[in-house]
């Protein structure tokens, strides 16, 4: 298994690409947005009643469902007093004509891991409170399901993951007669999350020397560079450059754009989540 | 993994296909059988001495070996007082020029699952008597091995499975000194089966509006429809439509053919099994 | 999964092949060696400080790293009083332009198994002393890493494995407060090996009726036969014919060559190992 | 027979209050995945299936294409969070592989595959929420997604399940009834042509119950067919409105 | 050395009553799989191997074909119920992968592969029942299936095993002897050409024991060769009779 | 935050005695795999990466080649014995798959891929010994192997990591610091062009720490770049000497 230059997704015409580039140069985007403007965001929680927590996020026409399932497991040896978080992403074959069937490929794996790192380093979830006893902890499965890909899967998935986690209730852990720990699904408490620490990722595209947030799919196919910056409170908690190159000053500009975007995203999130 | 329209097995000539069709229309078949007539069936049990039960079935030139292995395992959570049945089918690369090497494909998986459902819903095996204690039950592995495919694998495999199960002896479960349950291979009892409940499947092919039992390979490649109906005592215990379509009246006709065929198959089975 | 005639590695020209053949017929080899002469051998141990034992072997330009990792596990049911040896070989994509990425193929599996059998049947490692108690034994993982393939991977890998094993130290097994056996990595004892029993493999190539040891890659691609013979003390402990055919007298000649080569290889080994 | 946590049938009423011949609430939305050539979301009560269709498109690798007709690829898959049990592994189970096959074989008789030689039609179905009858909800969703993609069909294929509860033949099993009932019979039916394209069964059914089940399935399929036509019309209407603007 | 449950050798007799240089009963049947181009079933005592051959046939994918000769594909596989132990997983083990390779390399020197460029010959071998010496019974079965398929060969390849028990070199190891003996040496031999095409060994053998083992293997192979010729004749005879009718 | 076994920073000195802005010993050797078109071994202290390059060569299967440029294949992989923990399974982990991707995306901007349409460049990297900063050592090794293979590049790509320890920004994390520090920031940098081609980060960094980290990474990369040029020169010098003989 090696990483191979992708062939897929090459479905934007040279004409469109040139148009996007010309518009960007004058500070405008193909769908009329400003460089620092996100597409419309809608966040709905509780959309899957078989899950312990769930959310559906639309970011323009990009659409992601996240479902959380709670299980029991052993802690990792190097963090015996913490619960376990596992983030998995499936980019469904539904989502675009270029998505293939199969186990998660490198794009899906990277997507899951970038979202995972933002959550993990932000303190949004209090993992200490997910430990039950020295050998048993809660295992929190976050499954990200990309239903339609119109660009910027990371930010949509990150929002879906945090909304689903925020809406999650934990079945209470109880000991049965023989002393074995089990989950009582009818007795539930809220997932220990701290909204003030919510990690908010901002994907930033680069065309020539212009930077802009939330690229849609046509823009993604025209980019010369891309970077995702995740911020929690006033800290940068995760970064992932995924395409091209950036100069030092471009990186600092991207960080500043992410701080600004974070404020606006936080408003959208606070409106939708309790 | 998706189900893909099959390319293989297309080795019957248009000429043969037309001939089969013409003959069927006048109630005759390419090998001279009547519409409700099975090919010759032979059932031999005890053919593999390393297995806990075994049988070899010939249905015309179709040939299937079934081997049963008994192990120990945990019951399923939703059936704590029953043993576990696992049916697996391997369509060997021996069996035809169009069979590929690899893990069971959708055809082999369907074959195993259709046979499994017939056994499971007939009451032929008394699964309650395969429970040992609340945490340990017998695991019954039925492996179906298709050695030569001349059509109608389901019925041949079903006969092989029931004959192998009928011939199976269970090693007695005993506790060793430290209280661990083990199998004593030298001390055996008969598998709890009830011959009066034996599930008997009938595969029915359709060409134009004619229905007939036990299609051979050339016929299978000429079919416009196919359905498998499994009967135990006077009950329909499993059905699987596997090709084309059927009208309501065709379905009722197929069910009636399956009831008739079941009587004849039962005779063959009772002759071979004790 | 089937074994398929290999396509790869066909990169020696017909001209070179003819030249190799002509020279061999007169007792000379393309790189000037005598028929019974090995290429230069260097053995370095302790090359990987994260391993419990390690070695790097160069045989001409063929280069193999071996790393040993020690774990805990259960004994095999048929050898309850012995530790477990697992040999795995990875022929890295680095090693030649014809090596593909992926799990070990049949060549890598055969390589690992031939080396494994030589060690296992020689008595070089005292497996009885790797048992800890009736349910816990040391598991010895020997990973063979082929970095460059210039022919005769078996002999190079065998030397790397025995040198790595000889250099291995075992973390002492201790019981923790709750009686669970763990490995104390800071407290170590030597791996129980007996240098007098070291298994030494000799790969012998055949071109027309000439036999010669240690074929390099160009020679391997010109062979009409190949056999590997492993000797420990005065016993033949493993043989593997891997190409072509041998007559009875050729086999006896090959065995004699292996006994001679074993003497010289032993000197090289004893010089490098303590 | 396993004991259900609540009685499945009391005085002709099922545990969720339905009559034996009554479907759960059926919701159908067409065009839910904007990138797909066709798509549909179908709910039977708490069971939710989303189907997307791509094609007809060029077949790769070419040597697996058919010279005389389109190849169909159908995938039925359950989301890891779609069941009440523990998280389901996303690796396809033997059950999912079998269902993908029977769904393909239910859809193929409905499509004019011979109009698209050497090409491929892809149908992807995801169960987002499962409460019984997932394969038949999938079939309805798939057939609507095909229609939405404009792929020429002989008829819509409608899926409904019929079950056996305390000896009574009932329509549209939910998860509880599926687990504790005496028989399950998923059906795919083309209402205009009167053809059964999917038929599986397990449990123990008499000939008479089987016959009754077919009749009930037809009735259920006709009901769902009405809903399906409304949903298709609603979408075309929307499109027409948009075009009119 | 592990302790055997019964003595392996008492006064020159083995546990199953054989003399050291004696094969178990050898049964050979040719043409057992009617769809195959060639097939054979070979039993050495309780060890049963079934081989089927398809080809020469066109090679797919073409870029893996060889311009100057046929490609061979050989699979050795054990049925899940073929051993006395627990059910064996049907997933090929490392052992099965290695044996497939050595069997291919034992058969290739016997076949005129250069007569079939760009094509493929498939040999599939299944162990139905295992009691030692499975790979060598497989080799005999494979070579008879190739002959039955009419594939031109330099000679039949006959497989026999030789082993070391209490210091004595013996022919045709059974499962007990394989588990508890001091050495195992599976051999493939072409009786008419005097060529060894398969040779593996483990245990601890002196040079003299090795030399003796080769001689015993030749003797065993010649015995099995006689049986193999009879089986081939029997089949041709049957065919001839049928033709004569 | 987990408690480290030893203090990570005491009076401006790190646990291994380094100053915050100090690399571990950097060793670079070019041309270490004789069969490869290019290769390099790079050590940052106890972290050892070996890279080999093959190509540009013909791309198989052809339908995955690109008409306007070369395809890159990059594999980052850790040897089973390369970590202090238990033996690592050789099956690629999700972490290894992600790192292979970011390394490919760090190398692609440096190579004139458009000069080799329809072909493929393979970069294989193996971590032989791991003590932190493995991906950035891999990047340096890969870029030197590409240079050794004579593949035209815009600039060398140098990898260094920066970390956060007790609030102090430090260069070149070792394994201890990686496990117990507050942040990790692997960087790939082209010193002559001033371009960042790899940038990942985790932990919790202020804007100012981030800015400082970039400056420190540039400093570190320039230092390693000097070592890399020496190693390339040393190889060419040897070659020149050999030619002169």
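Each chain gets a letter, A, B, C, D, E and F, in the order it is written, and its residues are counted from 1.
Criterion: a residue touches a chain if its C-beta (ideal position, glycine included) is under 8 Å from a C-beta of that chain, and two chains touch if they have at least 3 such contacts.
Per UniProt, the chains are A, B, C = Exosome complex protein Rrp42; D, E, F = Exosome complex exonuclease Rrp41.
Predicted, not measured: the structure shown is a model, and the values here were computed from it.
Peer 1: Tell me, please, which chain's centre (mean of its C-alpha atoms) is farthest from the centre of chain B?
Peer 2: Between chain B and the rest, the longest centre separation is with F.
Peer 1: Which option, A-F, A-D or B-E, should count as the same interface as C-E once over half of the contact pairs match?
Peer 2: Most of the contact pairs in C-E are shared with A-F.
Peer 1: Can you tell me which chain lies farthest from chain C, using the average of the Cα atoms as each chain's centre?
Peer 2: Using the mean of the C-alpha atoms as each chain's centre, the farthest one from chain C is D.
Peer 1: Between chain E and chain F, tell me the centre distance in angstrom, where each centre is the average of that chain's C-alpha atoms.
Peer 2: That pair's centroid distance is 51 Å.
Peer 1: Just how far, in Å, is the C-alpha centre of chain F from the one of chain C?
Peer 2: 31
Peer 1: Compute the distance, rounded to whole Å, between the mean C-alpha positions of chain B and chain D.
Peer 2: 27
Peer 1: Where the centres are mean C-alpha positions, what is the separation of chain B from chain C, in Å?
Peer 2: Their C-alpha centroids are separated by 48 Å.
Peer 1: Out of chain D, which residues touch more than one other chain, so two or more?
Peer 2: In chain D, residues 75, 122, 124 touch at least two other chains, as defined above.
Peer 1: Multi-chain contacts in chain B: which residues touch at least two other chains?
Peer 2: Residue numbers touching two or more other chains: 1-2, 101.
Peer 1: Under the definition above, what is the set of chain D residues touching chain B in their complex?
Peer 2: Answer in residue numbers: 2, 64, 66, 70-75, 92, 94-95, 97-98, 100-105, 108-109, 113, 122, 124, 179, 185, 190, 194-207, 210-211, 214-215, 218.
Peer 1: In the complex, go through chain E and note every residue touching chain B.
Peer 2: 33-36, 39, 46, 50, 52, 54, 57, 75, 79-84, 86-87, 90-91, 122, 124, 126, 128-131
Peer 1: Which of the residues in chain B end up touching chain D in this complex?
Peer 2: 1-5, 7, 78-79, 106-107, 109-110, 112-113, 117, 120-122, 227, 232, 234-248, 251-252, 255-256, 259
Peer 1: Going by the contact rule set out above, which residues of chain C touch chain F in the complex?
Peer 2: Per the stated touch rule, the residues are 48-51, 54, 61, 63, 65, 67-69, 71, 88, 90, 92-97, 101, 103, 141, 143, 145, 147-150.
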